[in-house]
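Below, subunit A partners subunit B and then partners subunit C, in two separate complexes.
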Partner chain A sequence: MPLLVRKYCHIANREVRVNGEAFPVAESDGDGKFLTSLYRSLKIDYPKFFKMDSLSKLGFLASELILRDENPRFAPREDLAVICFNRSASLATDALHQAAIQREDSCYASPSVFVYTLPSIVTGEIAIRNKFFGETSFYVCEERSAQQIFRTVRHAFHDKATRAVLAAWVECGGETLEALMALVDTECQAGIPLEEFLRGANIA
Partner chain B sequence: MEELILELKQEIIAVLNLEEVAPTDIADDAPLFGEGLGLDSIDALELIVLMEKNYGIKLKDPAQGREIFKSIRVMAEYIYANRTK
Partner chain C sequence: MITIAGDSIISSLGFTAGENYRAVASGQSGIRPCSAFKGLPEPLVASTIDRERLADSFATLCPRSDGYTMLEQAAILSVAGAAAQAQVDLSGPDVLFILSSTKGNVHLLDENEKGFSPEHLYLWHTARLIAEYFGNPNEPLAVSNACISGACAQIAALRELASGAYSHAVVVGVEMLSKFIILGFQSLKALSPEPCRPFDAARAGLNLGEAAAAIIYSRVAAEAASGVALLRGAIRNDANHISGPSRTGEGSYLALNALLREAAPDDVAFVNAHGTATAYSDSMEAIAITRAGLGAAAVNSLKGYFGHTLGAAGVLESVISARALASETALATHGFKDGEKEHPLNVTDKNIHTQKARCVKMLSGFGGCNAALLFKNIKKE
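Up next is the complex of A and B:
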């Protein structure tokens, strides 16, 4: 069963590409504003976006870039899994939470920050938005390994209910902000073989 | 009271990241949950923290929130009557 990448996108260094083609985003200052700028460029009306942490915003926007032209767009699907990977989990949000609870003068945890101190929330945000009821999972890896990603995605298809996987490397930590997301399908007519795609994306 | 209502609207917009909402968009008597602003359970927790942090009001029973967070006006009246800072 060939695993073919039907559509993909890459967000890095404040540049966005969909299937290799540049996607225009208005100028912005800082990574946070870049994500908001990309949200506005996509002309989405989804106020919950503003409540997400950066990791979820990044994964959410990558999924929107891939799925925006799907037809039908929001039909419930039980055959589509969402699988994400990264190296630093939800570290950026963990640090925000830690800073809030370490303040001696005013120690108040923010519930809306705290809920994002799990990286897997990003897969939930994508699933909720798109009514995906298939597997969702998030793997925190020491290294960005094409082999591991390939094996994990291939394994997901062992579940007979799964016919497509939205797979992504979503990293948001320190100065890194990168999402590489692919819609992997077993039933599409044409696409890039997943192994070849992962090699071409310079994943070690 | 009107000053407190405006202050509360600004704080809620900031703490709940209601980026697309201006204070004038929030009607004083509109429901905060369900219809109206469409807030969720995490937002309710955030409002409980806001009450304690900014006004020194500690809700002992979270179920109280159901009454207090009915609208901005109800919330402001409760804060006005119970604030310790």
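Up next is the complex of A and C:
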């Protein structure tokens, strides 16, 4: 069974592309935060977005870019898995929680921050938004390894219920903010072979 | 067929799988008041590893032990314990290492922690250190899927072995406690001030626990297989809430349903639930178990012995459950006395003899994720 990418998007260096085409992001006059600008450019109304940490916002926005034109949208499905990978897990949010608890004489741990000290929460956010009841998984690897991602996505189809995988590299740490997400669909007739897609040195 | 070739547990109850299993089977709990972490706003009751014994055991295994954190030492020791049973050369190219942990060495973020490079904060680095210790040449996998990580790592092993890519998989789950984790759970108001009471009507929250546990899985021809096999596993999401369990147990029910497509509920010796002893999570599991047609099966939880060992829980509890299955025993649920009237379940209050060949392991975690594993005692069929 060939694994074909039906749709993909890439968010990097404050630029957004969907299937290789530039997606315009209007810089909002607010705080200048790129992810908030992208959210506004998508013209969706989903207040939960503002409670998310940066990793979840990034993965959520990538999934919206891919799924926004799906028809039907929001139909509950068990046959789609969400599998994400990155390098630094939830380290950026871990640092926020650590800063809150660092002082010996005080305790400012916030449950709403602590929940996001699990990288896999991003897969849950995507599942909640879209009513995806299928598999959700998260793996941590040193770099975006085409071989490891391809193998893991291919293996996900060992689950007989799984017919499609929303697979993504979502990295949010230090200066880096990057999401590369692909919808791998066994029911699509035409698309980029996943292996080729992952090996593509210069994905637009 | 994918079978268990070796297993090991490092926990408050012992440093081998056998030592831990015997402690559990005789009703011992490792949960105690814990004063090792300074400056906590509330007292802590937890299951912790004896650090001195850990350091001594590791120094015996590896005389040059100063390059490894306590978490890495516990993980390596547990793999070494499992390897001592399995007839497997872990340095071989047909062996894959898979690490399961939610927070790894996160304690190193504390500004008072010195002596380790920042790379130790990355799970892929921890996974690589463990694999390299055993001379393994393959890039290991690192799974971080909240509290179901230990089941996901075993499902990844099953898939890698079933695809023929590798002959053996070393699954190691590890979690050590730190103020990072403890203060987070205290802020969630999830911790019980007493030893936890899974599925009991009077349960008051969970206890945290430390552990490292390892299972070596091998692909063997069906006619040559012996011991306990991992038949299948499934992961499903509630698609409901990132930190609250689904009222209908949706993801957990769907995961069980995916397993039981090929096994009649009557064959199930016991269901080892996640059973954290938090109010909503236990009820959610009861609903899922009943919906899946397992309402009459014996149900137990091991959290009363080990606490909730987070990323290690799926591996640790699979080791104990597989040993119980091989010993024809459904283990007692430590801390359980009286069940809930609203969600009745057949929760074990003592060890029960069983002749049935299969057991189910369940896990649930933040992000709405749920997993279930199906094990089979081969000599029973």
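In the analysis below, the second predicted complex is superposed on the first by the 192 of 204 C-alpha atoms of A that agree within 3 Å, B and C clash if a C-alpha of one lies under 4 Å from a C-alpha of the other, contacts with A are read in each partner's own complex, and residues count from 1 in each chain.
As a convention for this text, a residue touches a chain if its C-beta (ideal position, glycine included) is under 8 Å from a C-beta of that chain, and two chains touch if they have at least 3 such contacts.
Just so we're clear, the structure is a prediction, and the values are computed from it rather than from any experiment.
Asks: Is A:Q98 in contact with subunit B, with subunit C, with both, or with neither (first, second, both, neither)?
Replies: So A:Q98 only meets subunit C here.
Asks: Identify the partner contact of A:T136: answer first if only subunit B is touched, second if only subunit C is, both if each is, neither if none is.
Replies: The second partner, subunit C, only.
Asks: I'd like to know which partner A:P111 touches here: subunit B for first, subunit C for second, both or neither.
Replies: both
Asks: Which holds for A:H155: it touches subunit B only (first), subunit C only (second), both, or neither?
Replies: second
Asks: A:P47 in the overlay: touching subunit B, subunit C, both, or neither? Say first, second, both or neither.
Replies: Touch partner of A:P47: subunit B, not subunit C.
Asks: Is A:T123 touching anything from subunit B or subunit C once the two structures are fitted on A? First, second, both or neither.
Replies: A:T123: touches subunit C, not subunit B.
Asks: With both structures fitted on chain A, tell me whether subunit B or subunit C touches more of subunit A's residues.
Replies: C
Asks: Can you list the residues of subunit A that touch subunit B in one structure and subunit C in the other?
Replies: On subunit A, the overlap between the subunit B and subunit C contacts is residues 109-111, 115.
Asks: If we count contacts the way the header does, which residues on subunit C are in touch with subunit A in the complex?
Replies: Against subunit A, subunit C makes touches at 38-39, 41, 102-104, 106, 109-111, 121-125, 128, 139, 141-146, 152, 156, 158-160, 162-163, 165, 179-180, 183-189, 234-243, 250-251, 254, 258, 261, 365-369.
Asks: What residues on subunit A touch subunit B, complex-wise?
Replies: Where subunit A meets subunit B, its residues are 36, 47, 50-51, 106, 108-112, 115.
Asks: Which residues, counting only subunit A, touch subunit C once they are in their complex?
Replies: Answer in residue numbers: 76, 78, 81-82, 87-89, 91, 94-95, 97-98, 101-102, 104-105, 107, 109-111, 114-115, 117-121, 123-125, 127-128, 130-142, 145, 148, 151-152, 154-156, 158-161.
Asks: Mind listing the subunit B positions that touch subunit A in their complex?
Replies: That would be residues 15-20, 38, 42-43, 45-46, 49, 52-53 of subunit B.
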